[in-house]
Amino acid sequence: MNLLDVRNLCVRYGSEQTGVLAVDTVDLRIGQGEFVGLAGESGCGKTTLAMAIPNLLPEGATVVSGSVTFDGQDITHASEETLNSIRWKEISVIFQGALNALNPVKSVGWQIAEPMLAHDSGLSDKDALARARELLDAVGISKSRSSAYPHEFSGGMRQRVMIAMALACKPKLVIADEPITALDVMTQAQILDLLRSLSSSFDLSLLLISHDLSVLADTCDRVQVMYAGKAVESGSAETIFASADSSESAAHPYTNRLLKSYPNILHERVFIDGIPGYPPDLSLPQTGCRFAARCDQVQSVCRTQEPALIELHTNHFVACHFAEQVSR
Amino acid sequence: MSYLPRKLLQVLGSIFAVATFNFFLFHIIPGDPIRLIARTQKLDPEAVAELRKKFGLDGSIIHQYLVYLKNLAHADLGYSFSLHEGVGSVLLRALGHTALLLTVSTLIVVIIGIAIGVYAGSRQGKKSDSWIVISSLVFWSMPTFWVGMLLVFVFGVWWGGLPISGITTPNAVYSGSLSYMMDIARHLILPTLTLALVDIAFFIMITRTSLIEVMHEDYMLTARGKGLSRKTVVWKHGVRNALLPVMTASALYISALVGGAIQVEVVYSWPGMGLLMYNSVLARDYPVLEACFLVSSIVVLLANFASDVLYRVLDPRVSVAR
Amino acid sequence: MNSSEALVVKDLTVEYALKSRTGRIQSRARAVDNVSFSIATGETLALVGESGSGKSSIANAIMRLVEPSVGSITVAGREVTSLSGRDLRESRRDYQMIFQDPFESIDPRRTVLDTVMESLIVSGIGETDAHRRERALAALESVGLTPAPKVGERFAHQLSGGQRQRVAIAAAMVLQPKLLVADEPVSMLDVSLRAGILRLMQKLGSDLDVACLFITHDLSLAWMYADRIAVLYLGRIVEEGAPADIIGNPKHPYTQALVSVIPIPERVNKTERTILTGEIPDSSHIPQGCRFHTRCPLYRALGEPASCRDSDPSLSGRAIHRVACHHSTEE
Amino acid sequence: MVSMTTSGSSINRRSFLRGAAILGVASGVPGLLSACAPPTTNGNGTTPSTLFKVGWKSDIDTLNPFTTVTTEAIEVQSLIYDNLMHYGLDLKAEPGLATQAVASGNTITYTLRDGVTWHDGTPFSADDVVYTIDLIAKNQLGINAQYLVDLTSVEAPDAKTVVATFSRPQAFDPALVIPIVPKHIWSTKTPDDISTFDNAAPVGTGPFTFGSWTKGQNAVVNRNDKWWGTKPAASSVSWTLYTNDDLQAQALKSGEIDIIPQVPPTIFTGLVGTDGIATANLDSFSFHHIGINVSNDGKSKGNPLLLDKSIRQALSCALDRNQVVQIAYAGLAVPAAGLLPPSFGDYYYTPANADVLDNNPDKANALLDSAGYTAKDGDGIRQSKDGKPLSFRILAISTTTVDVRTAQLFVESAAKVGIKLELSTVDSDTMGSTVYNTDGPDWDLFVWGWDSGVNDPDYLLGVPLSSQIGGNNDVFYADKEYDAMYDAQAGELDHAKRVAIVQEMQAKFYSDCAYIIPVYLKKLQAYRTASWSNLQETPGGIIFNFTRDNYLKATPGK
Amino acid sequence: MSSPQVLHIPPVKRSMLAQLWNDRMGRVGLLLTTFTLIAAVIGPIIFVFDSGAVGADATTLLMPPTRTHILGTDELGRDVFSQFLSGSRVSLLVGLMATVISTIIGAGVGIAAGFFTGKLDTVLMAVTDFFLVVPAMPLMIAMGAIFGQNLTIIIVIIGLLSWPRTARIVRSQTLSLRERKFVPRARSLGSTNWRIIKVHMIPHVLPLLIANTILVVAGAILSEATLAFIGLGDPNRISWGSMLHFAFASGAVGRGAWWYFMPPGLGILLIVLAFTLVGHAFDKINNPHLGGSS
């Protein structure tokens, strides 16, 4: 059984008439201990999908249909109390931009200890703080800095604090929303490294959201690619990031074009390929494949008929009419 | 230089600037200041010379300025000709009464204002929020003195249950300290209510705006994500942060409050600095007016200083030590 | 001086005074420390470094947005550091800049056409507005914003990020500069749009024979785009060479570490990643000796030799691949 | 005790010059921190029924009788100090410290009362009287010095007799107004000391002893049980300061005070008919006037056109005195003509029909036409032959609303006969220094008023004397004929003859129009009928009058 | 190369007025403002206030509303309604003129300090902070007492003492604009400071300045009313504040003459509220976070 099972989820911003379906009938599954990457360009709905899981959607966003099942429990329409008992205890979040995600007027130790105290009434303040210090140590920050405030840390260190905080209640699932965006290359590598090592030592499932497909290659077990509110492809990292000579590889034209948008220093020095055009405006009605306008292998059926997400191989899902013919 | 001494020096500098500004402002009054001081027509030249010397008006403007500063340093604020008394002692009496009025009303305004502001801000867009905003703006748009007149009309004339003038009941004989304080408290009700009705809007709006801004901060989402109750999220994370801008804004409020106090004191004959200013305006008692302005500026400067220090204590991002 | 050099930067040092609130200088941060390089006409040099490495300060110094403390900058044979007033303004058309954030660098209250025409107006090009308009429309056309008259009427918020960056390119290229300073021109754009912008820059650059200073934190992008790469660390060039050499044969331990952590859109199970510990130091506290020794894996591997702590290595080696490290050859 | 009056409060002219008393004073009870110690701690928070509570709008300036200038201070002092003689409720002289005063030629002989002691227990003696009178006369101290200008000597032939000798017979007995002070306290001071002494705890022989004076709040005196006269029923008298007339009226209604001695007309109308409140509309000894700068002095900066009597008379004719009474005074005043209000009895002057210069625009126009002032250029303002417009400035004290309103009405009336008046309102000090600027009075017209503090025409008649220029004479009127008549009446002991001269003086002054007197004031007072009875409504006022007897004779309750 | 399909074009920015109209508070404010302006312009022409048209006798003073005097009479028997209408002019005039002075100084100081920074900024902000901290009302009262009671002087005093907030706001906006990359871009093109201020700063500062200016009007009207109430109004001009001064002084409150002290107070309340509502609506348009009440 999957730890997380999101099915046919639709999330809308705004009203029924004028609103935008930011997430349109999307599935997402995360197994126990699995490390899943969720990729896509800005505005594709990946963050909305992730925030819908513990229902931390902003005001004005509503889950229209579909279900979220966590650990066997349907929490799609759970009460605030139920959600509060699950949030952080079971599902914690590493938010994008740790500078703003940490309360500026509370010490980091306090902030790490806070959820422990909230979810464990038997815990004393002192014990919680002691554990917060342990966690800081685990993410590579000296215990002595637990009384420091967020502004006294650098961006990378804050992200470490955020990670320590996410681990505070030993959750089953950690959602990391763009945890390395805006960090330097080296710091990015440090943080990814840290996440990798912690997920095994803490026995976590991790949902790693990134607009940068390339950073997921070595990090994740499985990758799901989204485009314009839809999941267009999902499969094991080996499949999606397979080298050109592999038998099984990314099958959606979008995924393939996206992969070619990164320079690959392992290969010959060639100019990268981009994807012409721009993603569709979701406030307008969509017909056919949403990628059709930018796809270089577009056929007439693509413009009229929406492709279904089909299982191309075991655990490799693709939403393209011509998935099997797509060449790389 | 570390923060406190530097800031203190800054405050002293500002006080000096106010005093200087004050001096020059009151020395460009058209006409011979001696006429204003002497208030009599048949002055022989000797008497004029004597007066000039006494009030330090016998030298150049710079010399006069130095005399003025020297007198200030000795807390000598001049002589009130309308009150036949040194300005210092007049002011000292008035200051206490104003301080009582302002302390009580500020406490009420701040506490209730912030509470209502938090209530409204955390219910942004709901009906109750809209009503609070609209009524705040309505009260904020009222001239303080007019609110005072209305309350005098309602409570003094129509209903007649509350004292509408002064700080104590004239000729009252008290059975003890308690009944004396109760009498003062009764006299405080309407002036305080007047100030509160108008000024509470300031804190409601500032707190509300500030809280709304804070509610959109990412750390509020973090707090929600932690599974904390709504109340904890709003108060522990929201209000704590929202109060910082409120603190900054309240420094500005202090200066506005002085204006409100003048009006209230006039309407309710509250024997404080405001009434003193009002009467000095009518009598063109410039020494008193000058001193009132100087003292109220200093009080505001000190209050600002206090709020700045408090801000630094409350916001870890700026440190008191630095 | 070689007249084919579009840009010559010599001994450039940029310092910022860190002031206290009372305005007294508390310390100085040396963002760029004695840097020299040049770019030939039509050549693209990539400056690569993490934030705090001084790459933007170099760009700003070239654009005269900050005053260099020491050093000279020569653009197309003209020394610009000493220019001021009208001469400076006139010289500016020779070197133009494209900023990182297209959402920020275009005035949202002006139309696209206004933005492009402003370059012409400020530089005093074109006799009449109609004339300038024509040139601006042509420039929009050339960056692929068609139909130009229609796009020209739009405001920035009506354009996507990629389109805005095209407007910025049009506004820079309409002046036909000799040097284009591109400060992270694609880092704010979605991955799928980067290629389009870079291709456009490359095409316009080669059409007009423009030299380009390409500033990026992305070593792989530099490798793909530039003719030459200079790696910066704490205000100093630590390694400089051809892309293939820098990526394939990095000599400086810092470059080696950077190369090892380049994300690759392919599953390769890399094992030889060198993740540096700690963070780049503050530029107001540059370590003594080799500025990298505090984080240098080689320094530790070699048993912390004193030379690294004592002397600051200078950039040396073959002209085509130079490195600033005492021990790089010993590897 | 000659005072200027303004609507809300009465002030002595000199006080006015020194800018003291128009104000309510803002200073308050002892400071905030000492607020927890109540002033008195007996009783139960209510006021005793034997406390006579007066409200007023101005504070005392000082309790030193030689430097005091405000009516309020004089009122308090009149209960603490005794005079040799006092005005009774009928405004006639009655014995005070002197059991009798005998005038004979140039001397007045006073026989002193036995067994009087000062509040501090020291016995009262003739020395005290001689000391007081001598001190005032020698040093020209205070407002009463003017009644002693003719004094040549004062002596005490024995312990019970004081003889004052003057250079000529005195129609007015100064003993009626001079409070006697204790020599044993005052003689230690030099005259210079006395002029700065604040006399914070005055010691007198009067019916009340000094209790307290809290600046800006109230003054209290307590009954002197050892007083020589009939003991008053009031155990104490308090005067409480209100800075606003309206609040004061509310305080009367709520019982905070028992009586308001000076009620402004608009407030008075509102109090009439209120349950439990009696309103008293009494004759006064005051008028308000429009003064016209008639200074002949070359230094005067007044508009010289005003030296033309026909213009002044035209202005007088233009003004509708009844309208001023009705509008500015809400009907609570009397249209006026001469210098003496009706309260002066036979001295009161009414012009013959032909001489009336009131509410007669036709006559005004005729006067101006015949003097050659015509409106030429269509703006409706008349001009002199050499083209100078009849345009004048008029000043009023901004806080004296009745004067401002009078001036406003006057401006409208004058405009109707082609004379332009421009009104400026100023504060009382500016007004005083402008009007009395003997260096060169720079004004054309003003509005304010006079209040006679004695029941004798002498003072008011003396105001426009040429000898008073630089003194009381506020319009720089200088007329030898008028001066001569003044001297004649002052020496005239035959009442009928004196009346005739006084009438003639007023007729002359009326027709000369240096003053346009629109109204005689009414003394408007209001009191709670339940608090005190036996209050006699006397011309000049129940209290705040020449007589203190109502304080002494009031009895509590109905 | 892609053919640039213009994506997601938000509707062309509607005019400020239209946006205001769409906001409920803004709409009420606009209506109230328009109404008051019309009343102030036309009212006194139709119902001429004649300061000399006093009552005939004492019975016509402080008279309750009748058919001829729909808001009764004042203590001189003059018509309160026509006085109320003509008072609106002075209140509005002072409010608007003082705001013009205040805005010119505030915007000038703010832009200069924010744009040029450095020493100029330090000096200008020291002055600004001084006037920001110094209690304005006592200073206005002191200056009013010194310089005399004349409408022009009152306007100048209020204008001179109400700019610091504007300066602060404009400065912080200018400072943040300065950080926007289009400023260095313009500079790198060789734009002069003046051109950058004119082309890139002022248009951006404007919306905020307008919102603030509207709030300053409200404040200036209140300041005038307060000064007039204290007795420092122009004696030759009737304003709402001076009406209240005379009402208070003549005991209208104690006599329950509500028709005298209610209208001017309500007038001030409504016009200040109108400007405040419009100002807040502007603020909301500039800062969408604050919205939600409409």
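Labels for the chains are A, B, C, D and E, by order of writing; each one numbers its residues from 1.
The rule is simple: a residue touches a chain if its C-beta (ideal position, glycine included) is under 8 Å from a C-beta of that chain, and two chains touch if they have at least 3 such contacts.
As the structure is a computational prediction, the values presented were derived from the model and not from experiment.
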item: Contact-graph distance - origin chain C, target chain D; value: 2
item: Shortest contact path, chain B to chain D, counted in steps; value: 1
item: Comparison of D-E and A-C (more C-beta pairs in contact); value: A-C
item: Gap in Å, rounded to a whole number, between the CA centres of chain B and chain A; value: 54
item: Distance between chain centroids, defined by C-alpha means - chain C, chain E (Å); value: 49
item: Distance between the centres, which are taken as Cα means, of chain D and chain A, whole angstrom; value: 92
item: Inter-chain centre distance, chain B versus chain C - centres from mean C-alpha coordinates, in Å; value: 55
item: Touching two or more other chains - residue numbers and ranges from chain D; value: 244, 247, 250, 398-399
item: Chain E, residues touching no fewer than two other chains; value: 1-3, 7-8, 231, 248, 253-254
item: Where chain A touches two or more other chains, by residue; value: 276, 278
item: Chain C-facing residues of chain A, complex; value: 41-42, 154, 156-157, 184-190, 193, 211-215, 217-218, 237-238, 241-243, 257-266, 269-276, 278, 294
item: Contacting residues of chain E [partner chain D, same complex]; value: 51-52, 54-59, 61-62, 75-77, 149, 231, 235-236, 246, 248-255
item: Residues of chain D that touch chain B when the two form their complex; value: 17-20, 22-33, 35-48, 51, 53, 59, 61-62, 198, 215-218, 220, 238, 240, 242-244, 247, 250-251, 253-254, 256-257, 398-399, 427-430, 432-433, 436-438, 470
item: Of chain B, residues touching chain A in the complex; value: 217-219, 221-230, 232, 237, 240-241, 244, 314-317
item: Of all residues in chain B, those that touch chain E in their complex; value: 14, 17-18, 21, 25-26, 28-29, 124-125, 129-130, 133-134, 137-138, 140-146, 149-150, 152-153, 156-158, 209, 212-213, 216, 251-252, 255-256, 258-259, 262-263, 266-267, 277-278, 280-282, 284, 286, 289-290, 292-293, 296-297, 300-301, 304
